[in-house]
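Got some structures for you, see below.
Common to both upcoming complexes is chain A, partnered first by chain B, then by chain C.
Entry: the complex of A and B
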């Protein structure tokens, strides 16, 4: 992936040399043309086309922001409820993410989702312990969200 | 020179963002006072307060960009840092509280972490006993 990014920068610089103009507009134009060239030639390079991963990262960030807004709204609804009748609890969530980096990302995504907070990662790194603010009526929705997060993270890292 | 209309629209957007941000901060402080135990309180402190601070910072950024024509990279960096560090801080405080046996609220219905910890402890004591017998 890093090779493809470097190659794209190199192509943009070559485009600037060919045009003999040194402004950002030429650079961006060259970068876009280089992107097209790499798209056509990426089967000669190692790994998949790198821009797919860039799109996955951007969509993950957008997901992050959306979940943050939704979770703030749901937490505030709970705070403003006149009687404290929610049922908190701690549940275990098995995960099949492997590297520390992926698990950290998943844990902080979970912390920012509606009504959940990562308490602990098991020593082996295969289970996350999550404190949920209102366990009964969110458990299934939560596991659905987890699946979508795990898939988004896998798309970025693999 | 930007036209006056754009500045007026930007001012309205900034005002809305600032009001939302300060309301969110106020409500999360109210949640800190009202919620029953430390774990539920850290829910309020991590989520609503993070979004509140972020929207105040975004409002300040838009204000400086449209009114003074200034792109403040420090504000953008501040947004990113708050966004990255707030969930980690909430996680660490809750974890430290759990590890020092701060009690959960009495209405808590499930505790998988305790169950798995007990299992692990039993396994460890068995192993230690075996090792002691072998020696």
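Entry: the complex of A and C
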């Protein structure tokens, strides 16, 4: 993947040399053309086409912003209630993510969304303990995180 | 005896990108500088032929899953439809026009309809060259 990014930059620079113009516009144009050429021959290079991963990263960021807004609204609804009748709780989230980087990213994303907070990662690294502000159904909370964040992280890293 | 083509294949992998980039440069240079669809298409076909020399036909079919015969048809279709498109503006067949447009990133750009015709030429030249070379190369009696 890193090789493909470097090759793309190299092609953009060769494009600038060919056109003898040193402005950012030529660089962007060369980068786009190089991207097309790398897609044309990406089966020669190691790994999948790198721009797929860029799209996955962008969609992860967009998913995070969406979850941030939705859970902020639900937390605002909770704290504006006259009586405190919601149920806080701690639940265990079994995760398929393997590498340290993936688990850290998942834990950070869970912590950054209001209402949930990662407390601890199990010593083997296959379970996350999460505190939720309002926990009507544990199974639903687990499946919600698994379907949104964990799936998007998997798209990025593999 | 099969020899190990590792040097040829490794050099080809890097050089083919530069040749393809140069062919795209020639294609876009055609309006104001030497170049154009024909030489650009031949250069692209040259890069693909280099890949075919370094690898075998089965590998290349997996790497570039393109039907070159359909490419000829597509190129001719584009070239003819740019000609027919001029009827929409009540001007004679194959009339050409250009204008300056402000595109989001590129700024002031000259866009000419002749480039579309050149694209048709480009695709047809690539398709014809590759069809000729592959139909000779595949005949393995």
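Of note:
The definition used in the following text is that the second predicted complex is superposed on the first by the 150 of 158 C-alpha atoms of A that agree within 3 Å, B and C clash if a C-alpha of one lies under 4 Å from a C-alpha of the other, contacts with A are read in each partner's own complex, and residues count from 1 in each chain.
In the analysis below, a residue touches a chain if its C-beta (ideal position, glycine included) is under 8 Å from a C-beta of that chain, and two chains touch if they have at least 3 such contacts.
What you see is a predicted model; the values in this text were computed from it and never measured.
Overlaying the two complexes via chain A leaves chain B and chain C side by side, clear of any clash. After overlaying the two complexes on the shared chain, residue contacts for A:18 are found with chain C alone; chain B is out of touch.
In the superposed model, more residues of chain A are touched by B than by the other of chain B and chain C.
In the superposition on chain A, A:40 contacts chain C only, with no contact to chain B.
Contacts of A:157 after superposition on the shared chain: neither chain B nor chain C is touched. Using CA centres, the angle subtended at chain A by chain B and chain C is 150 degrees, rounded to a multiple of 10. Using the contact criterion defined above for the overlaid structures, shared-chain residue A:7 touches chain C, although it does not reach chain B. In the superposition on chain A, A:29 makes contact with chain C only, not with chain B. Minimum C-alpha separation, chain B to chain C, in the superposed model: 17 Å. Of the residues of chain A, not a single one touches chain B in one of the two structures and chain C in the other.
Interface residues of chain B, counted against chain A in their complex, comprise 24, 27-28, 30-31, 34-37, 39-40, 42-44, 46-48, 50-52, 54, 83-84, 87-88, 90-91, 94-95, 98, 104-105, 107-114, 116. Across the complex, chain A is touched by residues 13, 16-18, 20-22, 24-25, 51, 62-64, 105-107 of chain C. Taken in their complex, chain A has these residues touching chain B: 64, 68-69, 71-72, 75-76, 78-80, 84, 87-92, 107-108, 111-112, 115, 117-120, 122, 127, 129, 131, 133, 135-136. In the complex of the two chains, the chain A residues touching chain C come out as 7, 11, 14-15, 18-19, 25, 28-30, 33-34, 37-38, 40-41, 43-45.
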